[in-house]
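Per-chain numbering from 1; labels A, B and C assigned in written order.
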Amino acid sequence: MGFTRRDLLKFTGGSAAGLAFTPVPWRLLRDSALVSENWPGVPQPAQGEIRTRYTTCTLCPAACGVRARCVGDQPVSLAGVPGHPASHAALCTVGLVGHHLPFCGGRATRALANGRAVAIEQVLARVSAAIAQCGPDESVAILDARPGRAASQVYRRFLAGLDNGIYCAPPEAQPYGPFGIDLENTRAILSFGVPVLDGWLSPGRVLANRSHFQLIQVEADYSRTASLADLWVPVAAGDAAFAAAVAHALRGSGEDAHAADVARILGANQPAIAIGGGAGNLNAILDSVGRPGGFLRRRDYAPATDLAAVPDHSIQVLLAEESALPWSLLERKLATRNAVVVALTPWLDGYARHADYVIPAPLYLESLDEVATPAGSTAAGFSLSPALVAAPVGVMAPADFILRLAHDATSYADVLKQRVAALKKDGRGTVFTYSDAKSTRVQDIASTSDLWKTLLGGAAWVDDPVPQVSTGFPIPAAETGDPPLHSSPLMSKLERESGLRPARRYAI
Amino acid sequence: MDSHLMPRGVRRCPLAQFLLWILPWCALLAFGLYGAGLCLVKGLNQTNMDNRFAFGLWIFLDLTAIALGAGAFFTGFLLYILKKSELKAVINSAVVIGFICYSGAVAALLVDVGQPLRFWFTFWHPNVHSMLTEITFCITCYLTVLCIEYVPIVLKNRKLRQIPSFLVFEFELHKSMPVLAGVGTFLSFFHQGSLGGLYGVLRGRPFAFREGFAIWPSTFFLFLLSAAAAGPAFILLTTWVVSKISGKQLVRAAVLPLLGRISGVLLIPYVLLKSVDTLVWIDRTAPARGFAAHQFFIWKPFGAWMLFAEILLFGLLPALILLRRHLRQSTGWLVSAAVLVCLGVTLNRFVLTLQTLSLPTLPFDAFLTYMPSWQETATFLAVVAYGVLIYSFSFRYLTLFPEEKDLPQPVRSHETERVVMEPVC
Amino acid sequence: MSATQTKPARYGMAIDLDRCTGCGACMIGCAVENNVPPARPEATPRTGITWMRVYQISNGAPFPDRRAAFIPILCQQCGNETPCAAVCPQEAVEVDPATGIVDQMPQRCLGCRYCMAACPYHARYFNWWDPQWPPGMERTLNPDVATRMRGVVEKCNFCHGRLHAARTHAATEGRRDLLPGEYVPACAEACPAEAIVFGDLNDAASEVAKLARDGHSFRILERLGTDSKIYYRTARAWVRAAAEEPAARKENDRG
């Protein structure tokens, strides 16, 4: 008899039964676990030497110290620097993911002229020509996102060499002019719309002192700061009538119940300060200028022109850094015909959408940068922000662009070295090194190159205090006109200039 | 055309009509497999389950299917252990239904888990404390038992029994039926109970948590009792439905009322124990964990009416109907009561799966809602279609109702094909 | 374990709700440390992964007396009959007796999600999608934490990778015990308000143990008897009332 169908079935059945007694099916089963544990498509972290490197955050004027944990040269997490004079050991929610910014898409990587890629030299040539053609009533303006830096000096020098140069900066960048706030000794803050707990100064410093002061929040919206304040007065922040009512109440008169509450709290918790555009002359009444717990003057302040003060339609050439202000404000000031706008920005969103020329700038952590005095600091300050990752090819720092425009052969790095040399020469102040939390007097640092090396390794220079005079009020922060996108100024700025959007808040 | 495959002595509709019947179910199966395939390939984001509704439609339907499929083990227990010989009329159908319910549930579970390749981890690293380990083992074993019980039904097919080795195999298997029934009952006892224990042990969900006896919460016993009560009712219902669709008399007049009475007899202690359990829970268990019971019922539409509906409308009412002989004799009352029982079991499983997850536990949480996605619904419909197809083929080619050939059947004009008698060789 | 083994630790936290401003830095620090993938565009708050999640509560008062408080919720590391560990059919949840940390093994998880139903704090999160990062961002992954795959559950493990790193570092210095502050999870490190204090609850001298003992501290859902290791602190009575125990709710409080 030949091989029948029945034999085949018997053979198959027998083999199947026998196979169960061999290791084969069990090994295959176990191997399936390896497949599921090494699921295709899921990236594995790169291994490498773990290093700690230091830099300073440039995303907002708070100038927080940054400790980066790096695998090889790539930062994998950022943290604050314990003991940092301006920021304490904290970073904000955006600062904690600064190292993710290069991967967010929407980067400007090539110089653009009307949307088409060109060489930077071409842009330089065309912008120079535009500047040369400016008439007596046509100004050239630079909008400096972060005034007070060595780069800011570069911008001012360039504009000083022109007939009609205007140097502008957003008021929020130096909200109190030459003054800082002695937050450590303040006992009450009357805030007119300032997001004290949600993006004011450095979060580490504010929150370290939170238990020392009473917070009165005057604003129409139930913002995060309002919801956490000791007293929330639901009045529009710019309401001059209310500020006047508070002034009356502080002097002992007036009938407004809210104002009376405010005055009571301010009276019981001294020293007190008033901040925000609506503060008016309250700080004079509170006598908070030049006193501990109030506004203290510092050195090294040079005022900028407030954009609101520039006549409409008078700017012929505008070079704007990042997206420091809402576009609608800038648009009003541009000349109606042939205005030239150059956006010096890392992003394709924001100003780049409106600009004639785009110069791709490096992002935070990509190139050697600097930070000026931290917002609200009572002493002048300076830090370097060393690069931790490689910048994309083709980017140019805004300061380098302006130097080229000025036909200056110096590089931005040289400018920074000059700044450090000047610090050493002045011999004032102390340097706080991030790695060991020690402070050294500048006089005790041997040479300029030592100071440079120290700052490059992550450090903050802090000036000595200056004698105070009890006159004058701080310049109040001007209302920008547009309602902020978010109470956090940094989030507003990021949303303006990039494609990043914060997640909507949900109940669950 | 295929009459030589059909059981002797019964009439079935023409092949063309049968194909017309199964075609839409095949289409539904294909559509459902597509939905399930999407879930397997793209991941469970294809469903509307989320971190709050970790269990959704599938788990709810799995629990319901297994409770209704309990008729398989319970009928076997009554027939082979308690010797209630009238149930021979429906035991085959019950086994097929059980097989469908359990295999469908297992298939749905394989789609439900995030990593189906790791299904064997429970056997390799079992957790003796977990109800789900117990369920996994028991259901796997019981499905094996059901397959073994299904095999003789298949082997008794007119064509297959012509193969001598199959005949002998089937005969030997039949001798061990009582043992298999006993094993099945034992396994079923545990997994039906453990399915109740699944929620009863959740100390973090005071809505579902119950105290009990040793390691078993009261829901262990309540689920078991409700499954035992619902099983016969579901067998009753399906027999009636199949009888109506096929237009045949499938069982003697006494069988369905018997099933109804068994259901009714089991429902009474169930309703009693459930009521006691609910009162204990309202009075002691939930408040001891910081949750006043009334808080659970303030959310529309899950008000207290659901509790009353489950126990009274779908529990006590059908029990009272089924215990009255003259109502049992009336098909209308009998079937309606059976429907109520099955709905009651379904509602009970719903309350403990989906309502539990919708209720807030954290003090600052909210009440949440969930609606299954089309992929989830399609997968469920695939299981239904699969069940209908298996049953349809079994009904056509296998003897699911041994009494059918002895009962007078209404004559249908299209079934005038003669069944050719073949000699047994 | 040798006879000279130090006594077991019970790592826990004291979170000051009066300092928390709801900024979410703890959520971000946690996500960065633990290689949590960015949410897909189609993700919702109920399908996104946030091992640490900040909730907002209010005093319920009408405008303008309404005030908010923020509550960071993470795995409470339950010590008594840990609900999730008891129910996992594969024993993919391990309670470490030496530290009290409830550890999740995503490599063993089947994805049945029973543990998610069991957790009353909703501290467990499922990978509904394959984890995916924007191109290049995978370079920023933390090498001390394994990435997960779709279909498995993950949750806070008190930054176990940092514990291992601290123990290794201590071992290289010849120490068996960890110094205070040597092992700190990412959330505690990130909090700008220093609201999260972490340490060994078994060490009576530690700051966290002292804070846990004082009258302002409470645990959430205490009466469930989970023996959570996260203590929340507040001096405000309304915050404690709203956070501690389930209270009478309003029917329209829906999510």
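In this section, contacts are C-beta pairs under 8 Å (C-beta built on N, C-alpha and C of every residue); 3 or more make two chains touch, one makes a residue touch a chain.
As the structure is a prediction and not an experimental result, all values here were calculated from the model.
Each chain gets a centre from its C-alpha atoms; the one nearest the centre of all protein C-alpha atoms is C.
For the interfaces B-C and A-B, the C-beta contact count is higher for B-C. With centres set at the average Cα position, the gap from subunit A to subunit C is 30 Å.
With each centre defined as the average position of its C-alpha atoms, the distance from subunit B to subunit C rounds to 40 Å.
If you average the CA atoms of subunit A and of subunit B, the two centres end up 63 Å from each other. The residues of subunit B that reach two or more other chains are 52, 115, 118, 121, 365-366, 368, listed in rising order.
Residue positions 44, 46, 130, 149-150, 255 of subunit C are each in touch with at least two other chains. Across the assembly, subunit A contributes residues 36, 507-508 that each touch 2 or more other chains. Contacts from subunit C toward subunit A in the complex involve residues 19, 21-25, 27-29, 32-33, 35, 39, 44-46, 58, 63-64, 66-69, 107, 130-145, 147-150, 186, 189-194, 255.
Residue ranges of subunit A in contact with subunit C, taken from their complex: 36-37, 39, 41-48, 50, 71, 74-80, 88-93, 96-97, 99-100, 102-105, 197-198, 203-204, 207-208, 210-211, 222, 224, 227-228, 232-234, 503, 506-508.
Every residue of subunit C that touches subunit B in the complex is listed here, in rising order: 40, 42, 44, 46-47, 55-57, 71, 73, 81, 83, 86-92, 108-114, 116-122, 124-130, 149-153, 220-226, 242-249, 251, 253-255. The touching residues of subunit B, counted against subunit C in their complex, run 43-45, 49-55, 112-115, 118-119, 121-122, 124-127, 129-133, 136, 198, 201-206, 288-292, 295, 298-300, 356-357, 360-369.
By the touch criterion stated above, subunit A contacts subunit B in their complex at residues 29, 32-33, 35-36, 507-508.
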